[in-house]
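In the two complexes that follow, chain A is the common piece, with chain B as its partner first and chain C second.
Let's look at the complex of A and B:
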């Protein structure tokens, strides 16, 4: 890799940050659309699977043409799109209301903290182990430099990501407090208790791959776990258990069903964001879905093989000389990310919400002992075999 | 441009240090307890930035993870539950202003005296290691976590364990206090 001077480093960083932001702003709306569709099909909701626009505009002309041919209007994958577009427009255009009794500064700060914590995490996530492409020579300032698959290669990347995502809880708690209203406060307290509780098994379950690979660097950890020469085949078992523990805790950390007690609508109206409207609410929404993507990236990199095709040490059966399947690729990474995101939606459509005491029981009485046993097993495998 | 950026990069520690002090001042001066917690959070994040400027990545991240992510959340939790405005005793924070100022001045002077070599001498670019032989064979700048863990789990294992026992005692004490109050 050619050495860069300071200006080049900064400009390159800026380009990569913009690229990641574009990725987020493309993935999050698509994710919400996918959520409508998946849940629509699983629960037979008609809105997401039938709505195909009116008789005017682009969809309108398409519809009229389809009707004329005697077909159901619009391909099934596009049905529900009008609802989704209307939803985004509503988020952006809606009046931004700050309640009269709210604490104005903190009320505004809370969604910003949420979004910043969620986005900042991406600076240590490596989507691909190497360069994605090289800028052409004539390109201003950064010509001839490689565009890497990660923004920065932090030595303690795992800790960085864990730390920053634990800062995200402030958005929820402060927003809840600043609303100066009963339901948000209750929702915020629930959320803080839940996130602090589930952070323990989440961090412990991530220690399993850290122990097995002996690194805290996101990229290195992922590669060593999949293709490390000293990786015993038994290591697949703690990783397998760890994957399920991690995903469960990830659901709780992102406030998704079945752990979405902070926003249980039957009890708390909408939880911490009851008083929020317009784009401030949109920010919380954005942060939640971004966090889902982060959790999926983590699970993909540490438990499901990351940049390689097969997880749990199975990659060794495909020699590195095989052209596409044996090589690391950003496609494999995103394939797994999408699979886990689908699981998020699937679980939301299938499972009912936990009761609050059950939630705490699951966290403290079952998940933490299980992760400790798993960690112990991983340590034995690492040092005894 | 290049020169300016380099200057900023060299003085990152001072920048974060000043920001941390601003956060701390805001914490003391804030009227609302939640605002105080916010100032505290900002200070903690800036201290993590100071660690990063010193290439102590592991410590910086541990700072964020433990203080910003754990302890300050619990502070916020308690502050939100306790209705502080009920007491209307803002003076309670300011009763000790005079003694606090004196204590801070004494502390600052003592600190300057103790560390005058580091402040006014020639700064060394190497990492400050208590016992250099511990870091043998390690690139301390790149392998922070390994360097810290060697110290913690080999040479300073006993003090480390005693510390955790002290924490455990505090925990048990808190549980006992809470229980007796309820009965």
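Let's look at the complex of A and C:
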């Protein structure tokens, strides 16, 4: 990497931050669209096919266009795509109500905490192992510099990400408490207990790849796990088990079905965000979906082979000389991310919800012992073979 | 500095899973329910009083609005009750068609129960699957009587009209498909570990308590008591039908789920027998234009999807309207089992218990 002066570093950082923010703001609405569609098709219906409004004006022309698209077999899936713009517009334009008895400052702060924690995590996630492209020579300030697939290459990236993502629960608990209402309070308490409980197996399951690879750097860890020369073939087993534990805990951390107790709509109306409306609710929503993407990125990088095609050390069977398949690529990374995101939606459409005590049982009685055993196995494989 | 305090919350009357306007006052110790008081009356319309000012022919319209997801069962109870009061004998074909429609309505009602119960517990796909089949049934009702929900399907003395052309063919299409649909629901739920965790052993109500509280229907049968009015006091054409009364002994939410699914299979059997053995003949008995009663009182129970639905008529001499009418609504009686089922259990079980009781507020509040 060519050395950069201060201005170049700052500008480069800014460009990458903006790029990642754009990525988030594109992926989250697309994810909500995908959620409508995937769950729709699983439930033998079409999902969103039109925006609100009739057949006149802007929405009218959109609706007519989508109606025409519905007649083309492949394109018909994309009907309803403009709905995500309508969704965002609705959230932004909607009246922002603060209940009279709410604690105003905390009530406002809570969604910001949630969303900041979710976004901050992205600064240490590497989407690609190296440069995506190099700015052309004539480009102002950053000409000739590579555009990396990550914002910063933190040495203790995993630690940073885990620390920051556990801040998100404060947003939920504070928001629930500040609403000064009973259902949010129950939701907030559930959420606190749930996220604290599942943080333990989540972190422990992430220790498995950390031990195996001997690194805390997001990018390095991922690459070493897949192609590291000292990786024993037995390492695939703890990784395989770890993947399932991690994904399970990830579902719990992001409050998704079957662990969506904090916002169990049929029990607690809307859980911790019952009193929220407008863009404040939008922030919680954004945080939840961003966290889903974070969890998917983690699972993809640490358990499913990250930038390489095959997971669990199978990549060694494809020599690096094979053109595309043997090389690391951002495409493989996102392919796995999307697969896991699809699993999130799939599970939501399939499984019922756990009860509060059963959720705790699953966490403390099964997942934590299982992760400890798995961790132990990983440690043996790392140091004995 | 710290103190323990029980929290009182109102589940309803506006709440996503109280199936209407039921309000349940709960005292919570953390997540544990220490006291539960159902509060009803938000949908009271005074149907029983209104019916005292309607002729026997007009009153049936009001029964549609009792248990609005099983309107045909309500119609059957009313029509048969009035016929019993006046000693009217209904033609055999009309009886068969009544049985057919009532059983289809039982399927529609149980499907709605399955849909909402599963949704309450968080399995939302079953909701839409069940609604797909219910939709087909409602289309059949629409073909028969023009209405999908508030059917007023029968007339005193039989039926207004025979089955419309094509009805039997359409009903047979449903028959051929339905068992596979049941299999689809079962595949999602019956052996699902989370579903079992949420339902096995939850909201138990043993046979003694059921009988003491007057609970009937699938809740009673899931406690091991094979009491079904279709067998105990056969009405319509049930005496000629071959079917079983499914029972379980576990008396929990899961047992009720299995009983209701088994009941759907039995209803499917009855419908098939009605379709195959539909006799020829008129569908309406000869009755006078105006019915004038003697001094009399009768109680006529039928097996509604929710349990024993009874109509109690008191008539006066020369009257064209009931002197007094009372409905023994199964949901109303079943709901009083709710505190017994859930006190000392968790908040999430309240939702499961309300779902498994299958209450409809139109019937509770009347």
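Everything below uses one rule, namely that the second predicted complex is superposed on the first by the 347 of 385 C-alpha atoms of A that agree within 3 Å, B and C clash if a C-alpha of one lies under 4 Å from a C-alpha of the other, contacts with A are read in each partner's own complex, and residues count from 1 in each chain.
To be clear about the criterion, a residue touches a chain if its C-beta (ideal position, glycine included) is under 8 Å from a C-beta of that chain, and two chains touch if they have at least 3 such contacts.
Keep in mind the model is a prediction, meaning the values are calculated, not measured.
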Is A:156 touching the first partner chain B, the second partner chain C, both, or neither of them?
-> first
Please indicate which partner A:365 is in contact with in the superposed arrangement: first for chain B, second for chain C, both, or neither.
-> neither
Looking at the overlay, does A:90 come into contact with chain B only (first), chain C only (second), both, or neither?
-> neither
So, A:166: does it touch chain B (first), chain C (second), both, or neither?
-> first
Please indicate which partner A:6 is in contact with in the superposed arrangement: first for chain B, second for chain C, both, or neither.
-> first
Does the superposition put A:104 against chain B (first), chain C (second), both, or neither?
-> neither
A:232 contacts which: chain B (first), chain C (second), both, neither?
-> neither
What part of chain A is shared between its chain B contacts and its chain C contacts?
-> 185
Residues on chain A engaged by chain C in the complex (per definition of touch) = 39, 42-45, 182-183, 185-186, 190, 257-258, 260-261, 264-267, 269, 348-358
In the complex with chain A, residue positions of chain C that touch it | 7, 9, 15-17, 28, 31, 118-125, 127-129, 132, 188-189, 192, 194-195, 197-198, 346-351
Seen from chain A, its contact residues with chain B in the complex are 5-7, 10, 103, 106, 109, 154-156, 159-160, 162-164, 166-167, 169-170, 173-174, 176-177, 185, 188-189, 192-193, 196, 199, 216
In the complex, the residues of chain B that touch chain A are 1-2, 5-6, 9, 32, 34-35, 38, 41, 45, 48, 57-58, 61-62, 64-65, 68-70, 73-74, 76-77, 80-81, 142-145
